[in-house]
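For clarity, chains are labelled A, B, C and D in written order, and residue numbers in each chain start from 1.
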Amino acid sequence: MEYIAFPANRRFDFTAIGRLCIDLNANEINRPMEETVTFTKYVGGSPANITIGMSRFGMKTAFIGKIANDQMGRFIEGYLKKNDIDTGNVITDNTGAVTGLAFTEIKSPRDCSILMYRDNVADLKLNAEEVQEDLIADSKLLLISGTALAKSPSREAVFQALEYAKKHDVVVAFDIDYRPYTWSSHEETAVYYNLAAEKCDIIVGTREEFDMMERFDRNPERDDQVTASKWFDYKAKIVIIKHGKAGSIAYTKDGASHRAKSFPAKVVKTFGAGDSYAAGFLYGVMQGWTLEKSMEFGSASACIVISSHSCSDAMPTVEQVETYINRSNAGEISNSFSF
Amino acid sequence: MEYIAFPANRRFDFTAIGRLCIDLNANEINRPMEETVTFTKYVGGSPANITIGMSRFGMKTAFIGKIANDQMGRFIEGYLKKNDIDTGNVITDNTGAVTGLAFTEIKSPRDCSILMYRDNVADLKLNAEEVQEDLIADSKLLLISGTALAKSPSREAVFQALEYAKKHDVVVAFDIDYRPYTWSSHEETAVYYNLAAEKCDIIVGTREEFDMMERFDRNPERDDQVTASKWFDYKAKIVIIKHGKAGSIAYTKDGASHRAKSFPAKVVKTFGAGDSYAAGFLYGVMQGWTLEKSMEFGSASACIVISSHSCSDAMPTVEQVETYINRSNAGEISNSFSF
Amino acid sequence: MEYIAFPANRRFDFTAIGRLCIDLNANEINRPMEETVTFTKYVGGSPANITIGMSRFGMKTAFIGKIANDQMGRFIEGYLKKNDIDTGNVITDNTGAVTGLAFTEIKSPRDCSILMYRDNVADLKLNAEEVQEDLIADSKLLLISGTALAKSPSREAVFQALEYAKKHDVVVAFDIDYRPYTWSSHEETAVYYNLAAEKCDIIVGTREEFDMMERFDRNPERDDQVTASKWFDYKAKIVIIKHGKAGSIAYTKDGASHRAKSFPAKVVKTFGAGDSYAAGFLYGVMQGWTLEKSMEFGSASACIVISSHSCSDAMPTVEQVETYINRSNAGEISNSFSF
Amino acid sequence: MEYIAFPANRRFDFTAIGRLCIDLNANEINRPMEETVTFTKYVGGSPANITIGMSRFGMKTAFIGKIANDQMGRFIEGYLKKNDIDTGNVITDNTGAVTGLAFTEIKSPRDCSILMYRDNVADLKLNAEEVQEDLIADSKLLLISGTALAKSPSREAVFQALEYAKKHDVVVAFDIDYRPYTWSSHEETAVYYNLAAEKCDIIVGTREEFDMMERFDRNPERDDQVTASKWFDYKAKIVIIKHGKAGSIAYTKDGASHRAKSFPAKVVKTFGAGDSYAAGFLYGVMQGWTLEKSMEFGSASACIVISSHSCSDAMPTVEQVETYINRSNAGEISNSFSF
């Protein structure tokens, strides 16, 4: 059964709007960051990672965002281009904003944390006037990411992108990607996440993220069906709720719920799991696969990324994901980690 | 024909959310404010004035807002209570915010201006958590006013109020009331006005205000029908577009447009005309009158206010409006001014 | 004995830098402001009041300050000119700043309070580049007022004015005039008050104001002699410490202390007492009078102002002060109030 | 001749107040940072570097500053301790501030630049109340650094430290270290640099930095003697003005000027030259050496640092500096670079 119908004859399969930043990954790992001496630089940011993933899968992709007018910004733009991502709507800031940074700390494969630099960052300076209607009109799928809602004028840019998507029948996926820094209050967060989610066809988040969005609702049991049906009353067709080790469930408007099997992995760190899962899943949906097959493809994609040092750089190709699934099915990958 | 069905069995006919402030009206008029020496203090703010008007018409009313913890704030609360407006959801600020001020200058009846104090004002500090769901659930009509959208957290409070109104089938009226100060940019303004208007049943504004909202749209002819039908695609049933001296037109979802005749008036100043018009019109709609009769009632109500020194204090009773209409029809009011 | 030698051959006897604002005085007094309906507008701000006072005494005066580009700002400039105060260094703001307001509440002659509007005020936007060196170079006495130190860039403008005063041997008087609003912290306040006081010849404040300045010092007994001698180690020649009802004491570098007798007054309100006292005292010092006679002149001047409804408008002439002293000495003024 | 007398019997030879941050030095050098992939982490900040230098020279040292409550902050504190610098007055921020970062770009030995992260940094959050009077009272020399003046409350902390230094006869050295970011305006910069310089015994800066401080002065010829004598009228005994390739000149109150010979160096990058020069020079002055010998020691110290990849880590010991001078005198170091 096809849950989502994508428009035909569009120049881009996939366009994302939101955060572009730099990951500085500790080279000396399995220790606290106080003892790390050197860092390696990668492009980061959840929507950037997903777009890179989609591009590696062969999709035609574009990005809507803002970069600092400095060496970090130019590095990001160069990396996107090298990955065949259209940067015609990647704007250079001229107000002295900086590039967001994420220093990663890997104390152990399961004890990872991030030290963020998010003050005065360029990505949150994108404004509504800078969003190109023609680009969205020429896309099949628009991905929005929650962090871009955290502050004006980026917040308004996302709402304007949603308006264009509605006008031109573009399918919208919402990666909730809630990060508490930058937001002023929990109330503010809940209000804008809800206003955005009303306008989306596919919503992906953790149970905790949906709890945050239900701050003003009455769902004391934290019931997935209550959560999903709220959004089906608006525009959503698929709502994926992630339950950590218990796995993810995709709810659909027809009342069904869908689960995928998980894969073993040799985990280096957990960063990037969600992004590669999202890329793999959305790729599957766009191929017209069943939700189960799409979720399985997402899981295998995530396993590849968490077995690696980087997020963006490690995004796999379709062949790599298929090989991983085959090797796993053949029992060749032993360490276990499930999504 | 009934354009709007109001829910029955609610404690309040009318609840407004938004700005509560103080008008300081020049006592020595028909001169520049530099030459004014004394001022008289009144309660002000568009939604406050409309609520006072509705209360004078005998409606059961309530207000959702925030006041400064000072003599000005206590004066406002006392005045609302004296006018039988429920203040259970009027919150007192505790952050040191001040009461918004509007010094009015009346150089001549048609040359009026306002000197605003809007920095750090209490009314914009209302937050989403402070909005009482039960109050909205027990109201027939919720009025929102554009100025409350100008800044966080008041902006989120309005969106949360709209969410409660939807949940409890409360009719929503939107008085656009656009004031450029306080807003950061035209883009920001357009985005939030549109997000709010999507959720409203009755939208009232000037042609210029609708132009501002259409910043990202394509309506170069500034065509009323294009404007109105955009909102009929969402939730609106009545869209009133005011064309200044050319009069106001009410558009309805059935494709019809409605005009009312105007009345003569001995104009002292133009302040408060829109608020008293809105109160009169909404009162008529709630009585089940035709749009024409409702608009006529609004116009007569406005004529009474602009013939007086204050806005809030001059809001008339039903009897006063009826008398005005009768006297006008009898040719007893000569000076002319039309809406 | 002459405590201060003023430079000769200067165009201006007295130049002040700092706050220019509007007082809105309740017309209906002896009640809480909630019950006040009308207000009368006057020019206000401590250094403005002192300058008006000096001008009424026949001194050649000038003002260095910034006014809003609105009706309130133009009213202030007009009033200064009408009082023969040079406004060549009164700059008009072009950033949308407003005029500071002080609504006065007179519950009883001894129970007075002020409701302040100090957000985004023009007077605190004066910057160092706007201070005219030539004006200060052509003045005998420069008065600085503590409120102008509360925020950048006004704070830097005052320090630059002090630098010019030093360069051109201008005598500097410091009216501490501490008001807690606007300041970020007690530490910040103490640091800048001290940096300014180091450069002043005459320092006038209440015991509480000097306590605030001694936040980081060691004067647990709050001993006036400790306080005064700290400033004599810098540049001060006269330090006046006001002890409320116990009267004021002028300390001098020679180790002496000076007191003046007080006068009876029919008190309407206490606002403006300090400003008229300062004007009267500084006028006396500039005439070469003894400190006792100068303080007496200040006290009588203050008595006249507190017997009146306004501050600035009530500033007396020399003749009025002399008449008051004579009438008081003749026992013609009965109600008692002492400084 | 002894230009500066240091107090005896103090626990610390040298205490600095100001910036503590992290340098992230490009490992792949001689290219634009866009092409750099890995970075190495060092403690940085001009006063931190100088203190590390002084400690390597065997001086008893302490630091007054503020660090972020994160891995970067803890790394800094650990490094100071490891270098025998007393951290009893290094305060941990609890407001969510971050550690300042400096990414260095080395395109060629003479074409170096820095990408700074200075938003919401912990070092600028140090406040006046946190400065320990007892520590300053127990120090011979206090070093202040201009960047700490850039913002409240750090600015007030420095002025309070200067007040304590005066009270306890501590010698004060001022490293101008002007960096345009963080400052609001040129006027603000000039005013506070001047207020601080008035209270210092030794002032060290480039000709351009002194020009910035003379914004409101009249020194169109940019004459060193005019500059130096301005500060001799206050408290200064030594004023060092650096003229880039033309070398540095030390002016003294007796009217003399002093120059030192320069040394050859194999330059990797120019960062850190000023800090190691300051440490070497101040060390010499504290030993009672002539200014010429002290400047020579500073120059050799700088040559060692610029021949290395880091700043702080490369600070030499006395033996290393002496060896460098001897080898240079013996003609063993060929590439030339002069200070």
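Criterion: a contact is a pair of C-beta atoms (placed from the backbone, for glycine too) under 8 Å apart; a residue touches a chain by one contact, two chains touch by 3 or more.
It should be emphasised that the depicted structure is a prediction, and the values quoted were computed from it without experimental measurement.
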| item | value |
| --- | --- |
| Chain separated most widely from chain A, comparing mean CA positions | C |
| Equivalent interface to B-C, taken from C-D, A-D or A-B so that over half of the residue contact pairs match | A-D |
| Chain centre separation in whole Å, for chain D relative to chain C (CA means) | 42 |
| Mean-CA-position distance for chain C and chain A (Å) | 61 |
| Set of chain B residues in contact with two or more other chains | none |
| Graph class of chain-chain contacts, one of line, ring, star, complete, other | ring |
| Footprint of chain D on chain C - complex, ascending | 127-129, 133, 152-153, 156, 159-160, 163, 184-185, 187-188, 190-192, 194-195, 216 |
| Residues on chain A engaged by chain D in the complex (per definition of touch) | 24, 27, 32-34, 36-41, 70-72, 74-75, 78, 98, 101, 103, 105, 115, 117, 119-120, 181 |
